[in-house]
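Consider the two complexes below, in which subunit A is the common component and subunit B and subunit C are the respective partners.
Our next item is the complex of A and B:
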């Protein structure tokens, strides 16, 4: 697999522009804008998990919405049935996603290309079918009444959209810093090497399966965190969140933003979600527009919006960023 | 002996590729393996490195029988190889490629903390190797942008970075100009002071320059072994390989 953007400096620059814009809109925006920013923040975390998996791990998953679901349902069950503190529940959801990721990865990471995609798709659909019929998870009705973490000790009301928006942006910052650190470390560079030439890494003594399991499980944990935040935002979870089309939308976001750039995933999530929202207010065939946009990007801009920004910066400053 | 290859047999279906192959390599010795195309040289290399399983026989390395060892484990024990066709990391710079090789054989690959935060130690080691293989001026250049000759040098550098005891070099000068070939010969000569080397090569000048002992493989069988002088004077080798090679 190719088409991977790696430029730590530009990555940070784009991230700073995006996070500062989000903070400004959160502060000066109204109720709806703040809710919208929180939605984008959660989608960005999900997109970063897919981006890390695709670019560093070299694995494209069509079943990653399963981990969104695992995080969301874990949060719902742990907080409602077991009455566990929501902050602890958020971390536990991430951890549960990570552990299930390790177990699944052990059996599937050796698969290549289309086989990996199809197996993840099958796993995702199996999970979706299971939650639809599970009494424990509320079946097709889902689970409602999920609360948000209690931050009153800090003098903060989490039900204030401004506070919740900042809470989700804090998670975006944390996940970005974590994944960027891993990407730039020896671990990330080894994952990159495995994606480029797996046989060579084996011949150098690298246990490639071990590395791919790390990438898959980390990505699963991050996706589960996004799921947990999703139910905290909406107070409700239904099986639709685990459908494969949600994974597909996540992939569209990272392709639009530019695969492998991490901040491109956040950019892609923001742009796609804004277009989806604005277009759906005007026309009911908005999916067609998104589809055409996606095809144009795949055909003419394989580095996504990241690549476009890189080109513009290059033209403006005459500096080669690659 | 650091590496003892004993009674190796390998066949693909009804085609016998290796038939009772025996080769011994002493510490810091440079062994050459020659033979016509299809003689089984590359198959033998794959079997030594663990990329392919043999049907019977044994590979003894430092008193360990490697028969059931994976290629990753063999590499970690000190058997490194460079490939006939460049097998690099195209999007990575020279220094990054060398760092990848160092990570796996310096006990860092299971240390999560080091993998996350300790790049400095690996980087310094990589710089040493880049200097050693003479690619200092290209250290920050991506592998895919290098000339073929420099890529061959990097191929060798990646193998050395594994901190090997035995180096398996599959046609290290294939496709190179006479000048580039000479520079690779000089590099391997320097390396042979510290490593045991097994080299497969069609260019007899390279073999004569480097090998202490030469094995001639023909249709899966070792038909002769000896030093350069023995090889040059052997009528059997002249008839079976060198005569054909000189045509």
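Our next item is the complex of A and C:
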């Protein structure tokens, strides 16, 4: 895979623009806007997990919706059947995603390119098939009646959309800072090196499998967190969430936003979700338009919207310079 | 009972083979996994449905559906696939993912969201006695078509000059080009052939399973598993994979219905653990 976007300054700038506009919309928006922002925030976390995996880890997964499902079902089962506090459950879901990620990664990280894509797809579909037949997880009906974490100690009502929206945005901020920090760290540099030339890294004495496992499990944990937040938002989980097309849609988001740039993933998640939501209201054949639009972006805009912004910024800078 | 299951499994295997063989040829030549292969199968079934509705001849539908699907494939190759051959795997896969969206909506716009059924031609609508048990003759016909395609492809690939050129392009495209083999043309015809076979698969199962939106997704994942299991790019692999998955799925659904779906994936996972490149890998 060729070198991917890396520009910490622009990354932070775009992130700030996005998060500030989200906060503004949340404060001044109505009920539906706030719900919408929370949805986008959760999708952004999922997109960031895929972005980190694809861009830094060099692994493209079509089965990542499985981890959304793992997070979502863990939250449902732990909070309903075991009556564990929901804040703790959120962290536990992340942790469960992380652990399952380590175990799976151990068997699959050595695969490359198209084989990795196909195997993750098959694993995801296997999980999907299992969920559909599992009595414990409610089969095709899913599980409903999941609560949101109780923040009344802080004097906050989590069922107020304003509060919940800020709660999800807080998670976005946390995950962004975490993944950005890791991208800039030695671990991130190692991952970049492995992606560009894995043989060279191993001959220099780097234990490549170890780094790839870390990248995969980290991304799995983050995806599981997104799943956990998703059930907290909706109060129910249906097995459709774990279908492989959900992973595909997540990858579409990062391609639209610009792969490798974290804040591009957030931008992509926002744009794709807004287009899906708005187009499906106006036009009956919105899927056709999204499909065509998406193919055009894959063909002609290699770096997505991020690349466009970078180009515009570059041009403006040159004009000012003269 | 067992015999009927056996033939059902064989029929399902042949349908999977028709799909998988196109996908595997395309992968072998271009190293691209076409996620829209299932969409072509669905479109083949719908084209067949229209031809059948207007002409009320199943045989005409059986002839026209694969040809038109092949032409759609040819168009897709010229417009899209030719240009993404050197892109990284993620872009290729996602481009074909975008095609799934388009396929779904095209079907919805032209044919609506209702599910339709096609009836088998009179000649094949009855059943045949096999060892004393009646078995629908149409399903036998599907098995027959699968075998015909298998023989045709075997001779095409192994015994003709074009086949030799195809094999050369799979093994070493650069060397093939040096030998004045027009690999682009080979790719073009093989891509169209693969898509046409998907269309053939669609129209042949239409009298059994019906024609409905969403039929693409059901079959796509199974086809991908067949290809990965058999070893992408291998004709023999596609046949073996199709037989394994077809039989495991059909018998699994009868004897252990709860685990049937999971067993298929387990078979694939275990195979890949021992042979990471599939049963008949080139490398």
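Please note the rule applied: the second predicted complex is superposed on the first by the 317 of 322 C-alpha atoms of A that agree within 3 Å, B and C clash if a C-alpha of one lies under 4 Å from a C-alpha of the other, contacts with A are read in each partner's own complex, and residues count from 1 in each chain.
In this section, contacts are C-beta pairs under 8 Å (C-beta built on N, C-alpha and C of every residue); 3 or more make two chains touch, one makes a residue touch a chain.
Everything numeric here is computed off the predicted structure, so don't read it as measured data.
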| item | value |
| --- | --- |
| Touched partner set for A:145, first subunit B, second subunit C, both or neither | neither |
| Touched partner set for A:155, first subunit B, second subunit C, both or neither | neither |
| Broader residue contact with subunit A after superposition on the shared chain, subunit B or subunit C | C |
| Subunit B versus subunit C as contact partner of A:251, first or second or both or neither | second |
| Which superposed partner A:205 touches (first subunit B, second subunit C, both, neither) | first |
| Touched partner set for A:181, first subunit B, second subunit C, both or neither | first |
| Subunit B versus subunit C as contact partner of A:193, first or second or both or neither | first |
| Overlap of the subunit B and subunit C footprints on subunit A, listed as residue numbers | 2 |
| Residues of subunit B touching subunit A in the complex | 49, 51, 71-73, 75-76, 80-81, 87-92, 96-97, 99-101, 103-105, 108-109, 112, 114-119, 122, 158, 161-162 |
| Parts of subunit C lying in touch with subunit A, wherever the complex brings them together | 27, 31, 33, 80, 83-84, 88-91, 93-95, 97-102, 104-106, 108-109, 217, 221, 224-225, 228, 232, 258-259, 261-262, 265-266, 268-269, 272-273, 276-277 |
| Parts of subunit A lying in touch with subunit C, wherever the complex brings them together | 1-2, 54, 60, 62, 107, 110-111, 113-115, 117-119, 121-123, 125-126, 129-130, 132-133, 244-245, 248, 251-252, 255, 259, 285-288, 290-292, 294-295, 298-299 |
| Subunit A to subunit B touching residues, read off their complex | 2, 4, 6, 181-182, 185-187, 189-190, 192-193, 196-197, 199-207 |
